[in-house]
Each structure stands twice: as C-alpha cells, then as structure tokens.
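Two complexes come next, and they have one chain in common, subunit A, joined by subunit B in the first and subunit C in the second.
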Partner chain A sequence: MKRLFFILFIIPSIIWAQQPTGKTILEKIDKNMAAKSTITTSKMIIRGARQTRTIEVKSWGEGDEKSFTEYLAPAREKGTKMLKLEDELWIYSPSSDRIIKISGHMLRQSLMGSDLSYEDMMDNTELLEDYDAGVIGSETVDGKNCWILELRAKTAEVNYQMRKIWVDKSRYIPLKEELYAKSGKLLKRMELFDVTKIGNRWYPKKMIFKDMLKKGAGTEFIIDEIEFDKKIDAYIFTKASLK
Partner chain B sequence: MLALKLAYRNLVGAGLRTWLNVFVLSFTYILIIWQFGMIDGWNYQAQVDMKNWEVGNGQYWHQNFDPYDFFSYEESHAQIPELLKKATSEGKATPILISQGTIYPDGRLQSMILRGISPEQKVIAIPSAELNVKSEEIPVIIGQRMANSCKLNQGDITTIRWRDANGTFDAKEVKIVKIFHCNVPSVDAGQMYLSLENHQKMMQIPGQATMFIIDKNSNINSNISGWEYKSHEFLMKEMTEMIKMKKVGGSVLYFILLLLAMLAIFDTQVLSIFRRQKEIGTYIAMGMTRKQVVGLFTVEGAMHAILAVIIGAIYGFPFLLWQMKIGISMPAGTDNLGIPIAEKIFPVYGLGLIISTVMLVLIITTIVSYMPAHKISKMNPTDAIKGKIQ
Partner chain C sequence: MIRFLFKGLLRDKTRSLMPILIVAAGVALTVLMYCYMTGVLGEMIETTANYSAGHVKIMTHAYKKNKAQVPNDLALLNVNELISKVQKDYPTLKIVKRINFGGLLDSPDETGETKKQGIVAGISIDLLSKNSKELDRLNIRDALRKGRFPEKSNEVLLSDQFADKLELGPGSKVTLITSTMYGAMSIQNFVVAGTIDFGMEMMDRSGMIADITGIQDALDMKNACSEILCFLESHTYDDLEAIDIEQSFNAKYSDINDEFSPVMSRLKNESMMSGYFDYIDNFVGILIFIFLFAMSIVLWNTGLIGGLRRYGEVGVRLAIGEEKGHIYRSMIMESILIGIVGSVIGTIIGLGFSYWIQEVGINIGGMIKDSKMMVPTVFRAKITDTAYYIGFVPGLFSVVLGTMLSGIGIYKRKTAQLFKELDT
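Entry: the complex of A and B
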C-alpha cells in the first residue's frame, strides 16, 4: 500500500517540482536570446513551388522595435532597404528611387515571395506579456529533449491565440514553434537548427519558416555572421538612411 | 423652290460624281449613328448591370469606409441603425460587411475581399440564396473572374485566412457552392461572398455592417448619424465619365470620315463653279441676283446631305435594326478590362442621336458648299458668259 502511494503521489510530485513553469522557461529563453542590439549578415533561401531564390541581407536591430535591413544580393534586389520602427515599415527601392510605407493590406503581402509576410516582420509580441504559458509535455526534437510549451493568449487582441514552442531542456532555446489560428488550424511553423554557442549565449544559425497553408518547402534563414550588443549609430534607424 | 428644283436637276445630272459623294456621306451618317449607338448601348447595359449587381438605388457607407482605401476597412463597421434595420426587414435595403482576407487555392496565396451578404436579400442580383446550404465548411460564392484567377470550381474546398476585428488570425475551410457570372468586374474580381451572419461571427462583430445597398425600386436618403448616403449618380459617376471620354475618343474615326466626305463635296463644288461659269453668267444675265446664284450652288452642295439621308436610310435602317437585334459579341478577355462590359453589346439608337447626326452633317455640308460658291459673287457676268476663266 505504502509502495503504491509512493508511486502514485510522491514520484509525480518530485518530477513536477523539477519541471519549471512555462513562465520560467520563457524567461530563461529571453535571457539567453535577447540582446540590446544585433548586427547580422544572413541569407534567406526562398523555396517556392517552382523555383528557389537566395537573398543576402545585412540587418541592424535594437530590441524588437527597431530594425534596418539592406539587401546585398541578388543584383535585382541589391540596394533595397527596409526600416522598421515600432509599428511602421518603410521600404526603399533603388529601381524606383522611392520610399514606400508598407501598411494596411500591403502588410499581408509576402516578403520578397517568402513564407513571411511584412506583418510577420512587424510582430513585436511580448510572449510573457501577452500569453499564459504552460508546459504540456516533453518531446525529442532533432535529438534534443524538449519541453512543449503551450501559450494561450491572455486577451482577444493578440495576433495568434495559441502558440506551441518546443524548448531545449538543457540550453533553453526554442527548437520549434507553431502558430495557430483561433480555429485551431496550424498557420505557421518555425524550426531552428545549428544551435551554436556565441559568446555566453546559445543561438540558432539556421531557421526554416513555413506558411503551413502555402505550398513549398518554406523559407530558410541562414545566419552567416552575428554580433551582439554592439553600439549602432542612431542615424541607421532614421528614414534618411534609406536613400 | 426654283433653287431646289434646279439644284436637284443639276445634282442628278452630274451622275456618278454625285452618287459617289452621296454614298460616302450616307456611310458617314450610318457609321456615326452606329458607333454612338454602340457606346450608348454599352452605357445603357453597364448602367443596368451596375444598378442590378452593385449600386442599387444608392448606398449608405459607414463614415470611415473608402472602397479605394483598404486601410479603412478595419475601421469601417458599426451596428446596423434602426432605420436601415427596418428597411432591410422590408426588403428595401441589404447590409454588407466587408473585410480583407487571404485565400490559399491549391497552396497559393492570394489577397481578396470578403463580403458578408444576407442569403435572403433580393436587392442585388448576387445569387446569395445559394449560401443557404448546410456544410461543414463555410459556404461561399464567387464570380467567374475570381474562379478563373484562383482556378477554383464549384464544389471545391479551399482555405481562407483572415483577421477578426481584434486583429487575431483565424483560418477555416470554405466550400464554393456557386460560381456566378456577372458583367461588373468590381462585384466579382477578388471578391468572395459568404453569409452575413457567418462573416459577423468570423469577425467577432455580431449585428454590424460596412455598407447598405438600397433596392432599385426604393427611395431612402435620410441622414443617418455615422453613415453617409451615396446617391446612384455618385456611384455611377466614374462609369458615366468614362463613357463620355470613350465618345470623344470614338469621334476621331468619324471626324476623319466626315473630313473626307467634306473634301469630296468641296472639290465637287470648286469644280462645278469652274466648269459652269457660262451657266453662272447666264443665270445672272437672266436676272438672277448673285445671292440667288450663290444660294443655288449652296443648296446643290447641301442637297448631297439630304440625298445621303435617303440613301443611308435605304440600306442603313435595316443594317442598324439588324445590329440592334443581334448585338455585337465582345472579344474574349474584354470582361477582364476592369469595366462593366456585357458579352454582347446591343446598340441603342435614340431619336436625338439620329436627328443630331443628320443636322451635324447637313450643317457642315452646307458650310462646305457655301465656301466655294461664295466666289461666284465676285464674278463678272459678261466674262462669265464668255467662259473666261476668272
């Protein structure tokens, strides 16, 4: 009887006590990944239904709200620049020599034909602020033991009412994320690979972003170089830097 | 009367030259009437189609709604006001809820406009009653253009994604229960129709609408707070202006034809006066005043136009009637031009169009005939009788 009581109640309690809460996991992810600023050189490989395109970009970012991107290749896109300041997005196209503000329905358009929309780029969601997170299980992803976090929106005003994040138990880094519609339909999936130690943090150098409603193998991001917490000239995050 | 008789005799006496001129002029008449009849026919059909499918007898728009500004859609909905609720229940108006969405036909992403419409409405010709079916998926209807651009067929199931009034993403399967054919592209291209109730649920805004269409047999134009009345004329303004421009553009062709006809008449007149100097001198010697002789030659020229009306009526009348009956088929692809064009255009010939065309040609012919005839008044009658070139 004592043994049965031990199995039924004591062991799960010990295990439960060892399992961090969703909030703790998210805080640890944030601590690992968040940086004051980042300067990145990366490739975006867009795998469409018919062809594959590779776009090379250099990006400067400060927090979640400021970012500036310059397209380096291919020749057709070279010189295109994008500036995001909080909820606003501007694009400079060298062929038309014009700065266009992307807003309204244009935000829903695909970014350079990728699986990302401009809207996805604009997503500044603070997970801890907008979601209640709970651990719903464990699963192995890419050979790593992961917590499965289910995030439910606290209010009706959040873009995605539910998200699921698979978090590496040892390094506290997300290896997979799924974004769901209110109806429960899976809309987008993000998978993270090549987790590398950069300074004192673990960081994924490859991501695959897939619009689950669209055909194609998704869009791949490969980070070639990344620098954290470097001082970025304030001029970079102004419209003047677009031209 | 004498001038008319003489003019007629001279004209008929000129033989082939006269009939060639008359034929060209009559052809000009017919072409002008036919061309304007086609444009008027197109205008008439477009007005009827737009009224039946889209405009009704005016609309009420939510004060923030701007059909050309997609940004405005998110903020353009409100509870249906009492007056319009009553009009809706009496079948005098129908509410429409508009929002943006994305469709994924066969895994491709396409932006579109979602329009919630009552399945019971009979205000516009959209076959919304087809939405009254029970289905696991959301039943929707689309136009032929939308079906073509998305490569969808009746019975197909596809996914749509939208954001509700709070900005939250949602996605569901829809079933195409009907594909309708419509001549008004703005009703069809990039539009998907679903039941108003379903749309309100999807958007989390029960009882709300973006606009109202007033039945073509009803007159509602009272001021309603928060809603702006748009008259039928206002809603048709673009189409009307485009037709006007089309008329001006189309005038170039008949202007060239008219110019050629006038040139022929002018030449004929100049030649007549040159060759008939003896005759002119005789008229004057017999007591006709110079004004009367000028009048005779002017009437002679202008009579081309009158004969052309008669000849034109003989072969043109049956032709125009035949065209009115069978219409002209528009080439494939014209319905994708973004303007309301029926598959077949039936010309409409108004009495005003016929009279104004006849008058226009008659006046121009008279002026052109008078110009060379005017030279006669400067002739010396003695020299004219002698046939000396002046």
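Entry: the complex of A and C
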C-alpha cells in the first residue's frame, strides 16, 4: 500500500517540483539572449523567388530602445544606415542623400526583401517584459530535449500576440520558435542553430526565419562576430551618425 | 388619308396632346437611360483597359497569380525582345510597357528631413518617347492642374489631392521608398513636374505617374516590366478578336510549368472584369428590357384609354355608315402618327439630356470615397447609333398595339343598338 502511494503521488510530485515554471525558463532565456549592449557583424542570406542575395551588416544595440545598423554589402545597399530610438526609425540612403523617418505600419514591412520586418530586426526586448509563459509539453529538437513554452502577450501593443518556443532544457536557449497573430494565424517560423558558448552565455550564431505569408525559402541570419555588454559611444545613437 | 388624319390630330388636341406627351416622356426616359448605361459601362471598361488591363495583357504566370500584391519580383524579363516578337506576330496591336509600384512617398522639409509621408500607388508609363500615346490613353492631357508634364526620367506627376496632402507642388523634391525587383530597398529622389486630377477616387487618393525609364532605374528593372499591355487597332474591346490573340500567343510562348514564362490574359478574364462583362450581358439587358416593358405597358395603356375614350365618336361614325374596318384602320394610322411624333419628340429630348450628361457628366466622387476599383468619379452618357432608334420600340409599337387591342371592340358593336347607346 505504501509503495502504491509512493508511485501514485510522491514520484509525480518530485517530477513536477523539478520542472521550472514558464517564468523561470523565460528569465533564463533572457539571461542568454538579452544584453545591456551588443555589437554584431552578421550576414543575411535572402532566398528570393529568382535569386539569392547576401547582405552584410554591422549593428550596435543598447537595451531594447537604441540600435544602429550599417549595411556593408552588396554595392547597392552599401552605406545605408538605420537608427532606431524607442519606437522611431530613421534610414539614411547614400543614393538619395536623405534621412527618412519610417513609422507606423511601414515598420512591419519586409527588411531588404528578407523574411524579417524592420521591427523584427530592431527588437531586443526581454521576453519576460512582454509575455506570460506556460510550459505545455516536451519534445526533442535536433536531438536536444526541449520544453515547449506557450507565450501570451501581456499587452495588445506587442507585435506577435502568441509565441510557441521550443527551449533546450540543458542550455535554456530556444531552438525553434513559432510566431502567431492574435487570430491564431502562424506568421513566422524561426529555427536557431550553432548554439555557442560566448562568455557565460549560450547564443545561437545562425537563425533561419521564414515568413509564412511570403514565397521563397526563407532568410538565413548568420552572426560572424558578436560582443556583449561593451560600452558604445553615445554618438552612434544620434541622427548625426547617419550621414 | 395620312394628311387628313394628321390635320385631325393637330386640330383636335384632346385626342392627340396627352398621348403624344406620354409617348414623348416615355421615349425620352428610355433613350436617356440607354445612353447613360452605355456610357457608364463603356467608360468603366475602357478606363480599366487603359489604366491596368489593356485589351490583352502579358505577365509572367507567377505575377498573374499574385498580381493584387503588385509583385515586381515576379516581373517579366527581356521585355524588349518579347515585344519585338509579339509586334511581328500581331502587327496591328499597339503595345506598351507598364510597371506598377507601391511604396512610401516622403516629402522633405528645408533641412531635408521628413516633413510628410504618404502611401503611394504608382504607374510608370512611356512619358518621354516622341511617339508615345500614353498621356492620351490615360486621358490626362486635360487633367493637368499645376505645372507641366514630365520632360526627364526623374520627373513625376502626382494626383493634385495627394500633392496637397504632402504639401507638394511643381518643382518640389520627393523621395520614393520602395523595393527593387530583387527585394532590396530602393530610396530614390524625384521632382514633381505637375499635379493632375485623375477623376478616379483610387488614383486621386495616392496616385503617381512616372516615366518608365526612371522607375526601371529605381526598381532595378532594366529591360523588365510588370506587364505588357496590348490594345486592339479598333481602340475598342472586341472579345472574339482578343480570344484569338490570347490563344495563339499562349500556345506559342506560354509554358505552364515555368512560372516565369509569359502568359497572355484578355480584358474579360481580368479580375472582376469577367463578372462585369456578365453583368453587362445579363443584368443591363434585363434592366433595359424591364424598363422597355414597363414603358410599353404605360404607352399601351395610353393607346387603350385613347381608344376607349373615343367610344362615342366611333359609335357616331358607325351610325352614319362608315365601315368598321375603315374606322379600325384609321385609328391605327392615327396611333402610328402619334407614336412617330411622340417618339421623335421623345428621342430629341432624350438625346438632348444624354448629350448634356455626355459633356458635363455626373460626379459620384463622394459616393465612392473608399473604392479600390478603377472607377471614374464622373459618369458620362454615351450617344451611340442605337440611341437614335431604341425609343421607337416602346414609343411606336406599344401605342399601336394598345390601339389595335382596344379597337377590336369596334367589331363587337351592333348597328341596331347604336342609337340606343348614343341616347344614353
């Protein structure tokens, strides 16, 4: 009788107690993915309907409100710069020699024909700040045991009202992500690879984004170099640095 | 006899004035309605053909599938070579290249920073070639409000309403932010040459017209375009001729397994146009038939009343020995005269009003503020050959039929009872 009680109640309780809550998992993901500041050199490989383009960029980011991106290649995009301050985005293009403000729904448009929007590119908000999370199951992704988290937006202003994340149980890093609209429609799918130890955090150096409403094979985002929590000159995040 | 009857009608207005007035009113309404419907429907078809569909149009299979999104990444390539081949195969076709584009139009302030912005819907056409007929085709020569037409590839026309919204005028610098055909961001400066009233709500809201070479540069579309529009030699859409061209072109050039191979589509097969043509074929036919039928009943009734009202007169004529057949025939002749006179007057009045609506038009801009269709804001009537005789159908035949029916009563009257009837 004692053995049966142990099997029926005590073992599940121990297992349940070992499973972290959605909030705890998000905190650990944010510790890996979010940073006070980042300086990144990356490549975007955009597989379009007719041709594949590779864009090289260097980005500086501070928290979730400031970011600056400079396009290094190809020739047509070289010298284009983008500055995001809070909810506003300015673009400088050398061909027109103008600084143009992008706002409203334009921020949700495709960035350089990729599967990412301007908002996706500039977003560095901690997940815990925007979402409530619950663990809804477990699954294996690329041979790694993962928790499946369902995230619900805390406010209506958040771009993706629901997310499903497959989180590596050992490294607390997402390996797969699905982004949904409020209606429940799947908008984007993301897969994360090459999870590397950088300092005291795990970070994926390759991501594949797929806009589910768009043709093409998706956009590959490869990080060549990344530095975390480095001091960035305040001048970078001013409009003067655009020209 | 006709002269005698005509004099009778002129002298005895009690039996001619009202019937003629009613016939004239009915005929005028019929003519006016026919001209208005013909004008409105024809204008909508030709506007759609000139702005977006051509009489037949060439695109890639992939572009055709997603054309509502204006997917220039799926545009036609090597278009100059393709146009040469098509022109050789169909020498009478008038062929033009078009690029449709959308994006953001940015108006700068004195320091060059964004002052105003608006979503733009643009068409690029051949504005600069000497022999180009595109300005006439889009019917915008008289629509110029400010400035002039573009003379360089970096000059554009904006809708007057849109230019006002962005606080722009002739000579202003604007920046178009859009995507190239390969998906890259394109930010290109243009100069506003002039502003125009398109007379179509959708274009007036956010329309821009640019030269095709300027847009080919901006969108990285050298020797490429969204669509090739072809117009029949007659300038009027002929579905049978369009079917022939469509079928032979597709048999020669189109490959269903290659999404980037060209495919031709005729105007009637364009989005919404098929339903529209069916609407013309069916609904308008039914509408005009119902109207003609209703008018026929009214005018027939006029003939009947006229015949019955003259019950006493017919009795007297019978009593003094006039033959029944002669009375019947004379009444029919009178009704033919009334029908002809009423129809002529009605047709003149109807054509007069139709001409006025043809020249001035009826502005329905306020009713279609949020329309996304290529619908003209000013509807005009169109006087065609049919308009000159269509009013005679209800005007003449109905009155005559009415008289013929009511006149049958003449044969039922008995001479022996006539004086009794006349006494009462």
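One rule holds for everything that comes next: the second predicted complex is superposed on the first by the 221 of 243 C-alpha atoms of A that agree within 3 Å, B and C clash if a C-alpha of one lies under 4 Å from a C-alpha of the other, contacts with A are read in each partner's own complex, and residues count from 1 in each chain.
As a convention for this text, contacts are C-beta pairs under 8 Å (C-beta built on N, C-alpha and C of every residue); 3 or more make two chains touch, one makes a residue touch a chain.
None of the values given here were measured: they were computed from a predicted structure.
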Superposed partners subunit B and subunit C on subunit A - clash or fit: clash
Subunit B versus subunit C as contact partner of A:187, first or second or both or neither: first
Touching partner for A:80 - first (subunit B), second (subunit C), both, neither: second
Touching partner for A:110 - first (subunit B), second (subunit C), both, neither: both
Contacts of A:93 with subunit B and subunit C, given as first, second, both or neither: second
Touched partner set for A:53, first subunit B, second subunit C, both or neither: second
Contacts of A:134 with subunit B and subunit C, given as first, second, both or neither: neither
Which superposed partner A:20 touches (first subunit B, second subunit C, both, neither): neither
Of the stretches 80-88, 134-142, 170-178 or 242-250 belonging to subunit B, the one that collides with subunit C: 242-250
Interface residues of subunit A shared between complexes with subunit B and subunit C: 49, 103, 110
Subunit B contact footprint on subunit A (complex, rising order): 49, 103-105, 108-110, 153, 156-161, 179, 181-183, 185, 187, 211, 213-216
Of subunit A, residues touching subunit C in the complex: 46, 48-51, 53, 76-77, 80, 91, 93, 95-103, 106, 110-114
Residues of subunit B defined as touching subunit A within the complex: 69-71, 100, 102, 104, 106-109, 111, 159, 161, 163-164, 166-172, 204
Of subunit C, residues touching subunit A in the complex: 62, 73-74, 104, 106, 108, 112-114, 117, 175, 177, 179-180, 182-185, 187-189, 220, 260
